[in-house]
């Protein structure tokens, strides 16, 4: 091997920039890049686009919670809209009865919905699959009606108003709101990213993969599931509170079952179990019903009855076809492409998912759960026996 | 007193309809180990077809038979196209697919028939019967509902307990590999399970639709209550579904009658939570050891 | 050695983190200093020399999608106006978007209409909870929120001067229906069946002003959710029956009126029904024209029910306004051309024509304040298909405050739609008017406005 070649290899082994290995730092780096990017983005966009970016941010928060629960911990929730309602109403009640700053209000909204999450999560630890799915569906359906029953407290049909927070006069209100919502989304994603790299993250996955093996390994299965539920509900609550800020108010009609359905579809399209995938899902939730479906309908000149139902049909198709054909979602597809591209340049020509995805091989052995599609894998089947 | 009686009778009538939905869910769970969240929506589509048949001038019973037949076909088709590819995958996938199918069907129904409400007739009078001088809240149609649901339950019991076919269906649902080794032809049995369950769902829809009205989402809440009933009774047990249905119907009636209508969905949720805390596998399911 | 490297790794990590955060903060601050350029537009938003852009949010899908034919009818009137020279030389662009009757979506779509489509005014948007959601936002930006399709008492408030309603407030409904009950069913026991929200509360407020408290024996409410479909209305109907109420006044949306009738039939309960105009269209309740379907289905109870309306019904084909609306919409609204006219489309027609007159009255130099001033000054004189003139003034922001009472019946001209043939309605007694306040209910002696020749000749 010639001297030059050796030096060249040496150079190749030492890239000019290496992502830090510690998860917190790595995530902070991503976040810093994101902050700069999003700052420029929100500056360039129109006021309404800023408003939409803010919406994408809070749906990303809700989706991150859902993907943690379903993708990472293996508990399904069809009722995350219910937890969003809890967060939204908590914020609105605080706005109504206190003169606090928005930050403690959001914090209390998170705490309240996490608490409600615990109430639902505790019985949920005894449930599997279909039982849990049905129960969470009932949560989404039932919780908003409580606000009708106690309408003097929750403002009845009119609901409660949550004025849009305003910043310095030089910044337009939509941009300011988008910044608040984006900041929340980035913080949530960093914290969840770290959580998943921690002992908790590993036990979340272990419980999903095999509860009995997990408990043999010393993991408190029930506690782990309840914690996952609380974290997930807390995220949904934050998202609901941020939605309230965008909408200018909350009422019981604001959190219909369809929000829960949209969240599920958003999770599937982004890639179940992938925290980065939540952005794809959030974009779909924000743009499909209000922009893409109407555009599609007018392009194909369908009648108003069809165009009115187009978004719903597409959400249904996303869930069905996504699950059947591409359970990894968009993020899974991107990884697949990245792995092929990586293989093209690697010396042995074998696509190596693991090496191409993360920089530290030693880290991988423990932490690879996030990078592979989870739902869709034949896990260990636990059958109730018959007779 | 008459108020209490009427509410109770109303609760029983509602409970029987809820039980019909629950029986459909139990049937599919027993036959394929899946909960079909799209069952209500599939039945809704079929009911629209029955409506069209009815308005062709055919009588009620022809439309009834047409609906059941379409339901059987629809169920089989769904199993082949959507559910078969999911075999051997995590149960989460099946839940998401059936749920997505529910949304899809409601969208399609809305696109074809719009969201106007249509009235669908009952085969028998819906006027309450007179006992002495007071008319009580139980009509000939309610009697029909009770008989139809009881018949469905008995048929299911006979199928699963008394016939070779039913036994094989259960074997296929819970131990497909073993069943296959023993020479059971797995695929057609799974398809048959879906077909039968879809037909049960259609029966439930036809019993609901005269008192409700025909819209793309008229089965939504009924499905959720049916699910409540199935969970309370045990997803594996036809008798449990019936008892669970009655328990659900009566709870809803009393909570609605004495506490307030807004609390009904929460009452159903509370019922599920309490019964699961006491018996996680349902009241009538045999306690099953989990196997790794 | 190991310890040392760990330590130094941590230090490096901390340094790195500090660096990243510092860069981000400094970068952001530096960029913030430049500030966004918010060019304040000098001209009126949504108005050019040749066009006016209007917007609306409508329930094109979702629980209230039965109202999705109103906006296309308005659109058709604007198409007619545009084909005949527009308004003061400007063409009307009308953008109506779907809000699924969901307040959060209403909020998003209204933001879109204001920020992106740059609308001049939000007109004819539908729904109480949906429009309440955006009332503070629109008023804050001084965007007119006019002719709201809702009977909430809340549209006429000094706090929100840019809002105004179109329908009679529910309290006026309640007073006029209550007046009828007091006069025609005096001495009979009365029961209420109302929706558990502002619709119900406001109606009851009006009913209580007219009906003696002692004759009201029972009040039942329901929650407008699909959940009630399943458990039915057994408990409410049974309670009303047990109370001996012979007259039931209902403030309910159409599906629940239908459900009430079905449930009452099950219980053998046959009170006289008095139904608020929200569910006044028999086709919306699903009341069949003939009661010979396989089972009575409770619809017999609807035969003879009293209701109220502020305009003509589609089965009143001899009415000049129904005729001109049918003619114009057949030309400009494909849905009407295909399936015939509905009550909702009559509302959309009248509303569209009112908006046209309001824009015309606001003059060539169109501003938002100018439009509000024109409606306050001239609104009473806008020609329309209602039985009473508009009430608009600087202080009253309600469209109609008067109504005709109707009786649903199988002997009236049936209403024919693609979904079936339904019971018709026929007028009962004179037209009444009143304010939502304490004043009496009076008979209106004036005639319906004549259809202007400029409209009938060009429709």
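When the chains are written out, they are named A, B and C in that same order, and each has its own residue count from 1.
Keep this in mind: contacts are C-beta pairs under 8 Å (C-beta built on N, C-alpha and C of every residue); 3 or more make two chains touch, one makes a residue touch a chain.
This one's a predicted model, so the numbers in the text were calculated from it and none came from an experiment.
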Chain contact graph: line, ring, star, complete or other?
complete
A-B versus A-C: which has more C-beta pairs touching?
A-B
Could you please state the distance in Å, as a whole number, between where the Cα atoms of chain A are centred and where those of chain C are centred?
36
Measure off the straight-line distance from the CA centroid of chain A to the CA centroid of chain B, and report it in whole Å.
33
Return the residues of chain A touching two or more other chains; collapse runs of consecutive numbers into ranges.
141, 145, 148, 308-309, 312
Which chain B residues reach two or more other chains?
110, 114, 220-221, 260, 262, 264-265
Which positions in chain C are in touch with at least two other chains?
61, 65, 196, 223, 225, 227
So in the complex, the part of chain A that touches chain C is made up of which residues?
20, 22, 24-25, 28-29, 31-32, 35-36, 39-40, 43, 46-49, 51-52, 55, 141, 145, 148, 151, 156-159, 161, 163-164, 170-172, 174-175, 243, 246-249, 251, 253-256, 258, 289-290, 294, 304, 307-309, 312
Hey, which residues of chain A end up touching chain B in the complex?
70, 74, 76, 78, 123, 126-131, 133-135, 137-139, 141-143, 145-146, 148-149, 210, 212-213, 257, 261, 264-265, 268, 305-306, 308-313, 315-320, 322-324, 327, 375-380, 382-387
Across the complex, what residues on chain C touch chain A?
9, 13, 16-17, 20-21, 23-24, 27-28, 31-32, 35-36, 38, 60-61, 65, 68, 72, 97-98, 100-105, 107-109, 111-112, 115-116, 128-130, 132-134, 136-137, 154, 196-199, 223, 225, 227, 335
List of chain B residues in touch with chain C within their complex
2-3, 6-7, 10-11, 14, 17-18, 60, 110, 114-119, 121-128, 130, 135-137, 139, 141-142, 208, 210-213, 217-218, 220-222, 225, 249, 252-253, 256-258, 260-262, 264-265
Any idea which chain B residues touch chain A in the complex?
29, 33-35, 37, 82, 85-86, 88-93, 95-97, 99-108, 110-112, 114, 170, 174-175, 220-221, 224, 227-228, 231, 235-236, 260, 262-266, 268-269, 272-273, 276-277, 280-281, 286, 288-292
